[in-house]
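The following block contains the structure, expressed as structure tokens.
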């Protein structure tokens, strides 16, 4: 049960981080944190229900996260190469 | 099943082969793979294939929406850049992911599918490699990752509440609700429903137009397929209001936001937000499984046409002004875009109208009338910007544009290539970007063919929407027919007779019927879902009845409350219908309820009122009628109809000698009478004069000659009120006492 | 009365003339067109006479509109009117053959003239109110077309339009009357209405209202105060038009309508008083205005107004047959008066100002004789036609109240004065103009001869009961109008009244004959200036009604455009709201993240706590 | 037959659009065939109920049927529409493609009157808009863009509440389908009916047009092609009265009763208001636009009185005004062809040069202001008789328009034809125009003198409405 609370807390911390960080990398990291929080809650539910399904799912999640990181970092590096910055606040061409 | 294999197989194998074979070959193989996968969707339409222990479920819904996704993919492929082999490959991966998403009821598979099609899209969004492209890509990616996290957290809570990863599991409690709402938020994000729409205008605008096309058509199809599995009508109680809020906000925000846009892609991004809202309406209703795919198909075709034309114009921003005069400069493009716009607007007779109508109807059937009204109001607002764009296309081009056209043509002749019509060559993107985005077949035969095919299909669906709808309904379990009693209506008043209970139910089910709680009998629902049960006389006894139909074993069912009236009609006795009677007058007799006041009519004219005696008998003298067939009717006081009898009155022989003394046959007592009415009697004078008085005022005189049957008769149709008639022999002074005085209260 | 297919033919003949002349008139050519039109009217007259002598006729087309038959009814009342319209109409047609000689619109004129006769016959013969209304508006149309016959002059076109519009006010009354009667009785057939009204059973107040609506219609058509303004202007039409439409027939249609519906009006004190008041006002207004005119036709037009006022008084006091009797005599002497004027105008080459006339008795001896008879008949000299009908009205007025008799006597004094003024100014004194007067051709003289005979003798069909106890016309008409018994005056009183009015007429004629030959005194000049302007009725209406209405139309037109801007404003409001909403898409990623998460929290919180 | 009659114009129009070389002759031939078909249908009508009914499942799952059928009113209006289209394509001086759009619009209009399924009614109601827009778009005046916006938005926006009400009618009323018979058997009741009726009211008020939703009409007419063909088609598109009669009132009698007072008021006020405004109209098209509003106000007043006479009058007036209104626009087109301007104000005195045109104009004008004996009168009279029973005062107000009509119509007419002639001679009617004039005048007279020909079929419908609404009120 405590793990559930922990995962919710972790999710919130991730959300907080995503809101307050300006660098794209850190924002992304915070979001990864939220993903892992969800994984944590899955495990605790698995424990509560006694079913192993959820634990298997977590393995998938790790793979998914890895794929996301690959694409995400590639994207951020490409942006950095072109703009010399990864601050998300400076990306405001598209609006309205 | 084969579809999955083809898509996944082609994607995997091509990833390896692409490094070896030529770019052109990659494209061709990709196209072949998509077409093949599409074919396997169509083969065996209506059948459901399950595999992997239920993780994969290839039913009509999956088939239809996979087709929409493949269509979008093909389109994006044929119109898209050809300089790099990754482009077709990424598209193929995305379509594979969408197919999986459309074909799985398992949340974890859905999550994986989501990532499989999202990750290639993030890359495709930045394909242009310019500032806007990167900005769009990063926004899409970061927000998308957040969406995935939310989805996953939702799955976790859902699992916690239901212990299952299967979509559509029933559950309850705050945990369940929270999980469901989180999942809903994730999908609302993917389909760009407010308030999770933030990314969509920016990404639509920043991405290359072909990619936008792909997003607008395919992504929605995949996401809604999954939503249809997760948000089933059975669970409407749990998620309905949340969805309703999203729909309301989406339709409002999308349509209002689009009003003052100046850039085409951004405008249609807002439009797609609004359309996501309309699509959401389809989820609420009982047959959304058929209507939402239908909407997606027509919307995909129409919006596909729009973005295809836009992508043929430019892969970057398309200010609305640039569309001016498109019809005159490129009639095919202008026409295609015009058609698409009108269809999205939902103008009859185009397919978009039927689609909109069907999803609105879903919401109406689920009882969300407020939402339907809001959706209609917002469509009305939407009509403004759609029409604005439409009319821009059909305006005359400005002289500047015409000059540009000539310039572009000259450039084409000189350099062998040019950007889309109307764009000065100098302004076209140069260098790397241009190289990356060089069109494969921007105006080539396949792209053109696709354009025409889409227009044709849209036209076909306009004329025969039933075709599409039936296709999407194939293989669906028939909607559960709710138990109901259709006749008699509740609260109605019936007269006893051959009344029957009628209603609907599940075909083949047997129902128990009750009258005021007493079992009447059982009835089996017919194969058409209807049942009927003739009521026995006991169930038609006068008074209030509550009829109830219950499913076996239930304690409550559908009820109707009706009231049976006493069969109270008065009737004639003595005379047979069609009998011949005396021309000199006769007596009508009959029965009625004791004490009942009756009124007797002759061909619609009243002969006066009678009251039935204690034995229920009544009689009335009829003054000599004119010859022919007369219809007599006796009605209860104030009723509109009653028992009728038609009698034949012989023509009287002329020249008879009349010797009867004066007599008045009917209305002797006066009283209340309907109009028109007739009174009369027999007599011997050659004519009588009737003096008509109202109060003290004499308002008329009428001379009545004696008829051949020695009768006299006065027919009157005065206005309401009290009237006095005095009958005298003609020629007698009015100061003499009359032969008869009749005072009537005319109604 | 028999169903008779010939009855529609009575209407059909002039209608045929309208169609034939309208389509092929130019090819038929000048005298032939006129003669064709005249003969068709004569045919109508003969046919009508035959049918009338057979005791009348009916013709019904069962269902014309749901519940409304198309029925025609030739009874004694409509028969008398038929005789007047076709008889006098025929004479005027013939006269017009000469008068319209050389006009470029010759055949068009006769086409319209025949249309008028046809419409008037529909009006008279109709036994169903909508059918009457067809004729009612039809004569309005013909009047419009004929007043504006020379429409290339603006003033003529204006006059025609004014006549039509003012008449429409009356038509509205007619329409409302139909609506009311329909809602009361469910029928619009006049013969059925008679029965229904007899049968009773309705509110008498409502019936009064129906009578009032009919009265409005009659006021419009018969140019009574306050809708009298169109008639003087209507003189813009050719003189035959003035004679036929605006003197002899159409303007009396209002009186005819009231008489036809005597069963509604009779015994209603309010309506009787109202009709008498209107008639009296009109009689005085017309007479006084006439005394101030210089235009020969306007003089006669105002005299017509005055005489119509007499007819209204007759209707008001319940002397329905007398009103019709006066229509008959008036048709003769007023047509004669108009055509005499026309002959004079014709003789002077189109001059209409009486100040440019005078002394015509020397130049136009035959016409002078016509004028003299017309003057005496109109002025009420014993024993000409005008005297007998006017005397009958006076007698009934005395029954109604001696005060009314006094007032009416005053009006007839004025009638004598304006008649003699017209006569003196035209025929006496020295010729004041410069043209060379010439007597009219035979085709114009003979109709006048016949009319003169009528003006002299037609009065004898309706002598007072003290002279001729069973005169011809009273029982004849009463059969159709309905018997509304009244106390006859004592023989002595009747004789005294006859004597007074005879003496007064002679005295007034004599005094007028003297007075109008002198130079006018100053008070008369002042009076004349006001009378010339019709006592400023036109100016009053323009200020009070016409101009405000036009102004309001402008205002409303502007307002209607504003309505559209109002709707457009709603659109802009939406657009503004949209822009505001679109500004939420700030482009800032972290704003988006925040928005997304905030939305999530709200949705979750609401969903879970709900 | 009914299907052929309905779709033939569309096919002909499309063919003409693709092959403009076929020319006007082809369009006229199509219109003649249409008219003949509708006359044959009319002649074969039994006099009761819905004839030529046919019903094919279209979206049976959703309760939508392709159901057609014609009752007395439908047949009457079919004949009217086909006649006007024939006159229009016969006379109007326009490019061939314009004729094609007119023919396409014809199908939409016929569909509106023939639809026996509410969704199909809506479908035709909206689809007719497209050719109307195209005509305005391709051949309109300089300010057409604004006019188009206004027209399209009024129509589209207005009809959406109707769609909502359509759903309510079926799903709250409990019918099994959108078929007229089903819906009429399950009318809405109570508060719902009032709300649903309001939805219909908004859409139909635009198309009647009723004050204040008539605001789109003047600019629509002002900006349309001066030949008058588009205006004539637009006049035919004023189907609000029919739709009230056919759908709104029978499906929601209680709703109608709820709004009856307001409706009567709007109709009466609109009648006098528009007639008054017309007096200030600067050009003929604006004048005719307002005149149309005024007439429809009177028609609507009759219909909303809810009794037999009123209903018959409203329908008759609708058909008659379709014909004389359209012919009037076409006539104005002829005037434009001669003078090159439609403004009222300068005095033109045309009659001197064009007596035949003058006579034609006189007939049309008199029909328009309701002269008895011409087609405008029977409808107006019946409407009056019906309305007076229900509301004498509003009837009085509405029929003040009779006076105003004479004022505005005659004033404008006088300036066009009368007074001093203009110097420049213009040709009178040519042979083709004579044909137009002869047919028009013949129809005006026929409808004015023998209304029974049509009213005999309208009367049962009026009685049905009256019975539905419970007698006089």
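Here are some notes:
Going by the order they are written in, the chains are A, B, C and D; count residues from 1 in each one.
FYI, a contact is a pair of C-beta atoms (placed from the backbone, for glycine too) under 8 Å apart; a residue touches a chain by one contact, two chains touch by 3 or more.
On a predicted model such as this, the values are computed, not experimentally measured, just so you know.
The greater number of contacting C-beta pairs, out of the two interfaces B-D and C-D, is seen for C-D. Nearest to the common centre of all protein CA atoms is the CA centroid of chain D.
Averaging C-alpha coordinates per chain places the centre of chain A 64 Å away from that of chain D.
Centre-to-centre spacing of chain B and chain D amounts to 27 Å, using the average Cα coordinate of each chain.
The distance from the centre of chain C to the centre of chain D, with each centre set as the mean of the Cα atoms, comes to 36 Å.
Here the spacing of chain A and chain B, counted between their Cα centres, is 44 Å. Residue numbers of chain A whose C-beta contacts span two or more other chains: 18, 27, 88, 91-96.
Counting partner chains per residue, chain D shows two or more touched chains at residues 153. Within chain C, contacts with two or more other chains are made by residues 571, 582, 585, 587, 589, 593, 597. Remark: chain D residues 150, 153-154, 212, 215-216, 218-219, 273, 276-277, 279-281, 308-309, 312, 347, 349, 351-352, 359, 366, 371-373, 377-378, 381-382, 384-385, 387-389, 392, 395-396, 399-400, 402-403, 406-407, 410-411, 414, 417-421, 450-452, 455-456, 458-459, 462 touch chain C in the complex.
Residues of chain B touching chain D in their complex: 287, 290, 342, 345, 347-349, 353-354, 357-358, 360-361, 364-365, 369, 372-373, 376-377, 379-381, 383-384, 387-388, 391, 394-395, 465-466, 469-470, 473, 486. Taken together, the chain A residues at the contact with chain B in this complex read 4, 7, 11, 14, 18, 24, 27-28, 31-32, 34-35, 37-39, 41-42, 45, 48-49, 51, 53-54, 57, 60-61, 64, 67-68, 71-72, 74-76, 78-79, 82-83, 88, 91-96.
Contacts from chain A toward chain C in the complex involve residues 15, 18-19, 22, 27, 88-89, 91-96.
Note for the complex: chain C touches chain B at residues 184, 195-202, 571, 574-575, 577-579, 581-582, 585, 587, 589, 591-593, 595-600, 603-604, 606-608, 610.
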